[in-house]
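In what follows, subunit A forms one complex with subunit B and a second complex with subunit C.
Showing the complex of A and B:
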């Protein structure tokens, strides 16, 4: 017998439709990875070195844009909470010329402290004390100030971290000291793995990075970034592009460096690497150099990091929301 | 408490202590060996000195002069085992036969002749006495054969990885056989073979503790012989043989008439005080021992042909000294945490039978471990510290201090996966414990079976850094015959068993000091990197240099009076051709040719040039109109240094 009465406001069919619509909609429109590129043509002072005030403003602009915050402090509060120990993983391998800028790190420390992180809870770290010193950082382990320590001094965890083809000991600074890590790579070329940006910079957290350079770092770079401590603790990547290098890396080669005067900020390391790689490729093309693929050093590890096994982020340009500010 | 019960309690406690020490892995483990007078006497004869704790043996020897062989009956752990088995009922040793067997027999004197032979061997600087010494024998047999066998039988409850030893079976069989002989003749070993018993028997000649027999009380029941351990004739009517008595006190307890008792007597009656020795046989024993050593040495071992696998534990003495001290007790093998030490079979010749050798395929020498040196009772393995061993940290002390080395590793390239099968494998390099690593990898283009060209890293070994620990051989994935193996050459203890390599010189002075180049001050020490650890300087970039054949890199930082800071890198390549190839491999776009070295380029803020086998890079951190000229002047100073070094 047919029902002749009025239809209820929300039918069973409506319910099914609503239940399916959400996941399908999400599947149809996956979330994009945001990458913010902040540049300042007037970043440098008269001597050619970066002006600390302008670097601070550039950093604020980049982070505010990334977190869509009204103030830089609100943005930093989203990165770490007071009481947490925050590690700043700089890149100092190549000495001062191609290392993370001390001006940028100073600005970062200032903002973190203003956001409530105590200065003794900030640790600047990389592989070796000598690398840090050659990049212009002052090594200190005093507990009443911002610490700066190499893995050679802090030592390595005794538990082996293993994923895929990679098996390494993680630095104590990453594994034990820090609750959160801000990754601070440099925008530069790499003679073996193509580019060294967010993913590759974490080679500085392990005891045996020299093992993982064959096959253009694939899949080792992605595998190292799968170590649980790295995945869990790295909360943000700020790629230092104040001075960038498009050839001859990772060593400092001033003849192939140029003042990019920018910072690249992202939480998705794959998206950041994909974006940074394209910046370097464009510069190479501009200088009449062959693309990295032609030199057998295309950074294929970026695609590996994005594959179904790793899912460290996305390398699909359509899924990367590049915001230039 | 009766004396036999007291003696039994002493035996139980003593054996319990021995068993506990058998489970310890520190210097206390050697306590029983240190109180052994035979080991002390042998050590004194072979080395003309006494090694540390061996003076404790006087604690046994001096009372023996007053009391006789109390050690054999009351303390000796092997004697206790013999005693235990001797008490088992057995058909061949029952009733009258048992009593007969406990009478003194002439063959009991054999142990004295064996003792003389071993002492003569000791005078010839050989510690063969350790083979027959009861404490060494007990430790060796129990620790290397019986306990591992029990561990295997019980499913390894004592360890994660059950230890196993070469020679475990014969060592176990020897113990079982000498124990089984007790089923025929009570304490056969102690009566006929034990050289320590013989030594204590000789010392007991002056003992004032004597056996007093009252013949009038005796009804010739022979019960005093029933449980006699030493075969020393406690029965009335026959003289008591002091040198054979173990002071077990069974005769006193067994006599129903109380006709036997021990008393302190200055002039005991019915007693043979001396051991039953024949002069000719003593001389024969001495001659036999003295003759045996040259005959053993005529075999391989100490001759000019050292066995390639005669890899001794770290801090072992030179082979001659080693054999004069090592008593084959097996303590070092027992405590070795990686089961690396095993009794030698033929590696050290016949004279070195059962002395310790490292068998890397079974286990490798742990870098920080010093246990073998701690437990060695005679100093064959000198007590050493992990700092002296210096395997995982640079040796401290004098600038010439070098780590203790036990051998050198070599590659069998026909079996090594990257060399022979175009397959990546870095296991040996991963396991190499030295710092910097002795095993290093170099990238190489190889062709696989399908004809495809691929890059692998092939292992090389720096013999200057290799300590011979055997970790590479142990871990080599080529399971049967490893692709990397250790031989004894290069061992620290030998002056002759060496590869003729010049010691590495101090870092060459290729980089100028302050003011050698006009206006330049050197602001730091020169840092030197060998090819193997260049990655420590520039990880990632190092491969490019390695592929080009870099041998060594020196770097230093300079500051110019104009405020320019610069880094100077000097790379020594394999040849001038390699330096040229590397120089030409760098893009020249944006550069201009400069007159520096054999060929030079300036990029403004950096300068590269080559000279002979050297490739040089000078990089400034500041770009100014003076930078290029300043870099060129620094380059010229370095070039002058290289010219000087070449001349």
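Showing the complex of A and C:
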């Protein structure tokens, strides 16, 4: 999850090379965090819903660009290896409309399987079974297909994870079942903490998210993301911006939603949040709305996540390489 | 009552109810909230005043917005129940020597780093094992186990106040009193309603500094002080517990400030208990409170003129006993949670006839 952290699939030689080259390179110029924004103005069919074929192509384009790969499968092989259990952390609290798109998740499952991940090794998960169902996912724990399960069914680990101001139990799906997690937040506003993107979506991995919304989520969002299992297992974030929402979140408010028709991909969750936040601020300005700072809900936790105590990534625009494809 | 007996007693009604709708029986519309546009609500139960979106819950985790209507999810949803000595609460001037049927639901509106019961207070109701225990059954169990009072305790009764109010009403009708053990982080209107229905309230005053409340409790001091004053004005019997945490809330200035505030705003007759801290939850890095610190706190409050200052969580300490403020003789002798001798007649010292405030009618005769 650290932006300079090793990727899965690396060899001992790669590790040593990275270890030696890293500090030298850092002295020359700090490595930038890459954030890919892929958009498709023709993503939607005649009825206005996202076309599954085009979503798959959009996903391919985004991930290939992010990993600089010649094919989508090469890119996915850098995310997870066959035999690993891969969790897809969706965002379903607000039900259909403001949840991670099932079309996107279907596309992701298809590509992961083509990259060698067995379908029974893919787990779609969020806080509650009822949330997953309300977002259009079919809850199932059958082990011969892609699983889909809420934390309320899978339960929580018994060890208290503690960092800074946060102390929580982690969902068993994250703590025990999954080897790797792909984080799938939605590009949207949040009425208390400003925006809910990569960092905030991991509140769905803990038993007590209600305790951590005070002070616009600062420093709690950053602290929760410091829990070792989260840092170790979340390998990629794909922010669903097919439909984005710039006000009234996290509930679905169609009057403040718009077809952004895009995906935002990054390994650095802070860089992704910084980028996504600015997209929402620009949309707010375009609509004549006040910036989040004026409403006392600027997502300052993003800066906290980047500070010397957390180092979860960078929020410095000069150190974020935004690639639009 | 042990856990097995409690579960056996509840097994049949629980199974019968589960056949219908497992969660509906725990869900009642919340009493204190305001509806806002776009199906949002503002909770008016505690000073936090959470603004909650549809399908979301407040800080306490036990009250949920469903389509613009706010619900308590913990009515009759009991996750802990025991028969405890009233001294364990602690309430020292309320029916000493008796036992209280003590119960809790999940949830709390603060998040104290030293919480001893975090495994229920910091969880959502569906995350802990619970039993269905409607108010009439609470009264029945209390009477069955000869408890003259029901104690709402362990977690935070403020967050299950609808249940407390209903139980207290049922209890009063059956001659069973109610006591609330709370952090006192509550708004005035629900607090006044509680005062009308219950017989005693013990407030955990976590510290006498806003800094501590902000950093350790995740709450605020000012509303708690206001709540203490309100309880006193309402005439409900109240006692204060102050858990002394080494290095965090154990300065002379705080003890003195607390004593002076109690003396000025509540009166010297309100009992104050200084309790020993044990490392727990998120404060495992600190040692138990040294006895000398507790004795220092008591000495400061005694010197400021408070009449009833106790030391808690130190079984066998002389400061567990109640001393007559006039003749200085022991009028209620305690050892741990046990009352060993009572020298009160009609609420007066048997030796010098000095009135000792409290609720004594119905206390155990020793």
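The rule is simple: the second predicted complex is superposed on the first by the 299 of 325 C-alpha atoms of A that agree within 3 Å, B and C clash if a C-alpha of one lies under 4 Å from a C-alpha of the other, contacts with A are read in each partner's own complex, and residues count from 1 in each chain.
The working rule: a residue touches a chain if its C-beta (ideal position, glycine included) is under 8 Å from a C-beta of that chain, and two chains touch if they have at least 3 such contacts.
Just so it is clear, the structure is predicted and the values come from calculations on it, not from any experiment.
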Partners on subunit A (subunit B, subunit C) - clash or fit: clash
First (subunit B), second (subunit C), both or neither touched by A:191: both
First, second, both or neither for A:162, with subunit B first and subunit C second: second
Touching partner for A:214 - first (subunit B), second (subunit C), both, neither: both
Subunit B versus subunit C as contact partner of A:48, first or second or both or neither: first
Partner chain(s) touched by A:247 [first = subunit B, second = subunit C, both, neither]: first
First (subunit B), second (subunit C), both or neither touched by A:93: both
Residue contacts on subunit A - larger count, subunit B or subunit C: B
From 254-262, 272-280 or 290-298, the subunit C stretch with C-alpha clashes against subunit B: 272-280
Doubly contacted residues of subunit A, that is, touched by subunit B and again by subunit C: 93-95, 191-192, 208, 210-211, 213-214, 248, 250-251, 253
Residues of subunit C that touch subunit A when the two form their complex: 38-40, 48, 51, 53-61, 111, 113, 122-124, 126-127, 218, 281-282
Interfacial residue positions of subunit A with respect to subunit C in the complex: 93-95, 152, 156, 160, 162, 167, 191-192, 207-208, 210-211, 213-214, 248, 250-251, 253
Contact set on subunit A toward subunit B in their complex: 48, 93-97, 127-128, 130, 134, 190-193, 196, 203, 208-211, 213-215, 247-256, 287-289
Subunit A partner contacts - residues on subunit B that touch it in the complex: 424, 426, 430, 443, 455-457, 527, 535-536, 538-544, 557, 565, 567, 586-587, 589-591, 603-606, 619-623
